[in-house]
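Remarks on the structure that follows.
Chain nomenclature is as follows: A, B, C, D and E, assigned in order of appearance, with residue numbering initiated at 1 for each chain independently.
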Amino acid sequence: MSKGSDTRRHRRDFIKTGAALTATAVAGFPFVSRAQNKPIKIGMPTIQSGRAAMVGSSSRNGCMMEIEKFNAAGGLNGRMIELIARDTKGKPEEAARLSRELVNSDGCEILFDSESSAGAFAIHEVAKDLGVVVMHMNTETSSLTADPKLRVPTAFRASRQGIHDSIAAGSYAAKIAKDKGLKKWISCSPDYAYGRDSTALFLEYLKHFYPEVEVVGEVWPKLYQPDYTDALTKILQIKPQAMYSCLWGGDLTAFVDQSTIYNLFTQMESFTINVADYTILTAIKNLPKGLHSSNRYLSTFPKSEANAKWAADYRAKFNEYPITWSWENATGTKFILEGIKKAGTTEAKKLADAIRGMKIESPFGVDGTVTMREEDQTLVNYAIGWGQTIPKDPFMPDVTAVDWKVIYELETAWKKKNNYT
Amino acid sequence: MSARAIIDAEGLDVFYGSSQILFALGLSVLEGQTTALLGRNGAGKSTTLKALAGLVPPRRGRVRVMGIEFQGKKPHAIARAGIGFVPEDRQVFPEHTVEDNLLIAQKRGPNGEDYWTLARIYDMFPLLSPLKQRMAGRLSGGEQQMLTIARTLMGNPVGLLLDEPSEGLAPVIVARIGELLRRLRDMGVTVLLAEQNMHFCLGIASHALVIDKGQIVYRDTIAALKENEAVKKRYLAL
Amino acid sequence: MLKIEHLSKSFGGVAAMSDVSLDFPAGSLTAVIGPNGAGKTTFFNLITGALKPDKGNILLEGENIAGLSTPDIVRRGIGRAFQIASIFPSLTVRESMLAAVNAHRGQHAGLGGRFPIAAAEDRAQAVMEMVGLSAKADMVSRYLSHGDHKLLDIALALVLEPRVLLLDEPTAGMGPEERWQRIDTVHRLWEREKMTLVFIERDMDIVFKIAQSIRVLSYGKVLAQGTPDEIRRHPAVIEAYLGTEYVAGHA
Amino acid sequence: MMKSSFLRDCLIALAAFAILAVLPFVYPSRGMSDFVIRLAAFGIFATSLNLLVGYAGLESFGHGLFFGLGAYTFALTMQKLGTSIPVAFALTILLSVVVACVVGAICVRLKEIYFAFLTLAFQMLLHSLIIAWTPLTGGDQGLTGGVPRPPFLGIRLDQPYHLYLFCGGLLVLCLLLMRHIVQSPFGYTLRMIRDNPARATFLGVQVWRMRLAAFVIAGAFGSIGGMVMSLFVSGAFPDFAYWTISGEAIFMIMLGGTTVFFGPLAGAIMLLMLNDAVTKLTEHYGLVLGIIILMFALGLRKGFMDYLAEWWRGRQMSSVAAPAATQARPLPAQPVKVAGE
Amino acid sequence: MDLPALGNCVTSLSCIITQSTSGLIIGMLLFLVAAGVSLIFGVLKVVNFAHGSFYMLGAYLTLTVYGVTGSFLLAVVAAAIGVGLFGLLFERLIISRVYGSQVLMQLLVCYGVILILDDLVKIIWGAEFRSLGMPDVFLKPPFLFGGGVVPVYYLFLIVLTLIIAVLLGLAITKTRLGKIVRAVAVNPGMVSALGINTGLVYAGVFLLGGMLAGLAGALAAPVRSIVSGMGLSVVVESFIVTVIGGMGSVAGALVGSLLIGLVRSFGTIGFPLFTEGLMFLLMAVVLVLKPSGLFGRET
């Protein structure tokens, strides 16, 4: 199976449907002025080349799930959504450049940020500069929305957030640790902002729930480091009872593959929080049993018909599993589209006002809904759960949901501590 | 003239950068003969040999090896056709041992000849025998010159192009090299010997070519040249 | 003018120059000859600081310049041209001259003005006329003929207004007629500029025709020195270098 | 030789600036003005690299050191010290000069490929430092939070037109200055050194000092490129000090040409437009750009402007009816080299 | 910086053993790539920046052949041969056209090839990272060794690579072909005049370099994630190794690779945030003190 031909095919399909829809629209409403029929262009700076190229494809797929529905339903008074995705090559300066170009030259009215976190900050600056609505859909760095100094009225985040994840992870891991008496912990996370922040927070909340925990070591492999031997031998040297890791993507599969041949996972409880995502679950040939992970995306959690159907639709449409960026981008897109419908316009200020505090139906919400929290314009109430892996589908049969009340409570305290309020 | 030409050239124009060195040069070296290419410093002797060996591509003209066209061919093709080149500045591989220098050059001749073995070489060049394992870069000038000739012989050439083998060497060594060339001649190897020193050639070569300003200006037997004071005085500064 | 005392240099244990002492009086025209590998070019390299002598003094008007860097030596008035013409291929003849004048006058690091400093143009023009390159002033050097490359090389050395000019085979690679023209130019320059000129040459006809005095090097040692007539008759020189035939032919 | 006075160059620069100033009124497009700002950053940067590569014959792989240094120093000075923009500019250039003196003194004595690798090593050391010194630089995340743009001398860089004109003006000014440098006596000394360092030594030139001076000057201008980029993205990222940024500048000068002053600028325009156009048209940006690069490198074998210049010279030569055939002919391919020839 | 941790480690035997082994493992795969880079540079004076892409191709070929045949051995052989042939093609069609040009022009050409290959790989195999999985033969518990552990696969990898390193070293110093290759590096004109086709030698060096890189990619496939662009960090490290070890020297490549491996494994403990910086620092120090590298010839 070749992935490239699939994306091509789907782009062709999209162009065909788009053309057909436009044709119907023009034929159906011959008196509507062309200006009104002008498509609503949304610019999407994302990563389409290099090691993180699948960020781009899964993000775009996620968006298309919603956009096609919206267009099929007639758009905004006949105005269709047109998504223009551009490759930033993972370079923040390209992200900044492309965002500006998408708005200034291509006439995009809205930006979808499907970049890494460094790129997200660059796009954030552009949105501030140009005053357009931007939906951050991949970055999990908490400060982007939590820090009031960085706040931009037209900037929203529809992705999971580091602090939420850390609190959830801390509470779950503490419970297991208490049960099993896991006191000696080690961390093994990628050496960059996301890795450092989420590790620090995780350990903070782990200790919050289970103060006896002692951190006996930490290793920081570099991002995209091909070889983890040095990290693994160091971990084995220290002989901890449990390990935390927020490695992700190809790094995580290589890490798991290499750990397996060291028999690492039989020697300690492992909290590899990013394993429960289908790319990882399907890429690892010998998935070890019993790894603890948070759900990145699972069609079985939340256990709802809507979620299962969405996953099935996605697979049927793109011939691949949806992953975390897929649901995040779908969610972000849905907020924008609902906002457009509600505001009846794409004008930035009105659109932002409409989205702020909005609650929408979503297969990925705890109770079937997710909310764009008003105070910091970030996504809340999405489903977070933890479970343990088994080697084959459904990979993580039992997922325990984490209570958002705990998350809210500790998040408020965290914000206070950081002077974010 | 019944003997065939091992190597012959006509109309060679050779340039270094913008300066022309050879002007429509033509010559031929007959099988079994040792021909001396005489001329003053800078007359074009070295360039002629390099052009014949393919190391300096001529801009115009033709080179034939045993009747087959070879101009524009790479040096290795000409070497495979049986023409061995011994450069004037020795050019041993300094970080290889003497024996390695010889081994690198080992190949059969154009008709499958494989006369030259290490043993025969050491026999012919007794000087090199005790130096087998020494780095070539650490040999004296004379030893290097011996090695260069020996190395070329390892390729079982039919014809040898020798560029001033006596230059800069002590008289004793020059005498040895002369002796060596006589033995090669007696074995039937065809030689084109570029030299400034006519005396060195007298006992070795049968024929002489005189080159001046990039052109062949005289050809005859070396005995005839020896008697021709006019040519000697004009072109050889003798 | 230039006095060499006990100059020695060896490379990896092999003596390239051993205990050479020579004197080149002011305004003299001297040829350095010797068989290949005699150390002629090494001798020039030692004088100009391109190689550092192991031992010995090099006195330029009494000042010992042995061990100084090339630029320092050059600034003290020793110019040099090379066996293989050493020029600036992508500059025009005029640009080469002007840049050389700037270097000579210590104005080559200037950022203030534009390149052809007016004051340099006279000198550049003068040198080009001196050697006869004016007509080709605006040609890019790499497109010049071989002979002109050599001429340009000499011109670059002349720009320095050298007290001592070292020429390494000024006629190398030229045909006989061009050779004589070239050596004529050199001779006229010497007469006009009243400098001390030392040249390496292989063409004995030229050497004996124009040199006032000759130094013969062999295996890094001084074999002989004297006037052309003395050298022609010197038994050791005949033995090692000239050969009896040459002497007989020119007797 | 084309003679050009400083005055004439100034007039051309003024005219170019005037065109840049009115361009947005004739052709109002923020895309265009963004392009000019990016061009300013890369045009200055690539031209400064060419001071080394094209004029001094120093093939640096690590010129991005100064791009990154410029961007970070400028952005940090603005963020942490809250100085005015001209002061931050001056401080940045000063620091770059100091760093260039130290790094250059170590590097310029090495030859060719070793020089190239050593400059690369220094650049990567800066990159590692940026990554490691997270509290100051923001680490891999980059320096976020925006670069303040307080008004100075009536210039308000938070206004798009002001920013555009400021960057465009810097481009013109830096090109003018660099043009002046390469046309100065020093510029010709560099050409001598590039062509034949040994000969230059025999003319009394202290080659390594001149090389060091060139390295420092190029470093200072390189840092200005970084500052413009930092203004454009309102931040600084470790990528600015990564080896790829040196790579991009190298590709610009190789595409545009190294022997013509405006070659690097042309290369910057070409690569930026190519980048923008190709990413717009296809997802397979690498495939298309790679093929174009190969066509250039294997087809023209020289930069575009070099090619044009040669073609033009050839035309002139033939129309003047060259006096001798050899004069118009470039050097033929070198004969097969036998060492020690 | 965590110097106390480093101090603790170098005073504990088991830590020294484990980290040294880890350095060995990291160094071994690097060696296979770096040896090719170094040889190509030494003999052809070409900076083959595209060598990392050879490594990537090796990994992808392994993925496909292993997927189809299920035989790891077959996959490794196919990758080595396939990439070797690709190297040959690359030399004949592309790089041989820029012999003797500026280094920067060669770099530009290599960059073009890298861009093309990275994209082609994405088109053929997809953008997402892939994993080969450990072949069954190696799914055995790791060895215990002096207080440290060494997985079976890594033992295999170390032994195989060391054998290759020794064979390569012997081939280059003892065989006639190796002697010719070294002679070409010094004086190609003279070698040609002795009747040896230097063009073939050049192509052969690329074939060999390609095979080694393909082999490295194949051996990396079971333990590393396979993704477009994976060759970049490897080629950068290879150049560091080449500079440190000396261009054209097999022994230098081996020592350089091991040094980098050790810097990485001990650096992780002592300077967790600065290991890459350490490598470049090492390179800078070598360049300043001995530009031709530890095992290089002075030129």
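Methods note: a residue touches a chain if its C-beta (ideal position, glycine included) is under 8 Å from a C-beta of that chain, and two chains touch if they have at least 3 such contacts.
What you see is a predicted model, and the numbers here were worked out from it, not measured in a lab.
In terms of the stated touch criterion, the partners common to chain A and chain E are D, listed by label.
Contact count check for D-E and A-D (C-beta pairs in contact): higher for D-E.
Seen from the C-alpha centroid of chain E, the farthest chain centroid is that of C. Note: the chain lying farthest from chain D is B, by mean C-alpha position. The mean-CA centres of chain A and chain B are about 77 angstrom from one another, to the nearest whole unit.
The distance from the centre of chain B to the centre of chain D, with each centre set as the mean of the Cα atoms, comes to 53 Å. Remark: chain C and chain D have CA centroids separated by 41 Å (rounded to whole angstrom). Counting only residues that touch two or more partner chains, chain E has 118-119, 122-123, 186-187, 189-190, 192-193, 273, 276.
Residue positions 48-49, 191 of chain A each touch two or more of the other chains.
Residue positions of chain D touching 2 or more other chains, listed in rising order: 134, 285-286, 326, 329, 331, 336, 338-339. On the side of chain D, the complex with chain C involves touching residues 1, 3-6, 180-181, 183-189, 191-192, 194-196, 198-206, 209-210, 213, 259, 324, 326-331. Those residues of chain E that touch chain B in the complex are listed here as 176, 179-180, 182-183, 186-187, 189-199, 297. Only residues 7, 48-49, 86-87, 89, 91-93, 96-98, 100-101, 103-105, 117-118, 121-122, 124-125, 128-129, 141, 149-150, 191-193, 196, 223 of chain A touch chain D when the two sit together in their complex. Those residues of chain D lying in contact with chain E across their complex are 53, 59, 106, 110-114, 116-118, 120-122, 124-125, 127-129, 131-132, 134, 243, 247, 250-251, 253-255, 284-287, 289-294, 296-298, 301, 336-339. Every residue of chain E that touches chain D in the complex is listed here, in rising order: 47, 94, 97-98, 101-105, 107-109, 111-116, 118-120, 122-123, 186-187, 189-190, 192-193, 236, 239, 243, 273-274, 276-277, 280-281, 283-284, 287-288, 291-292.
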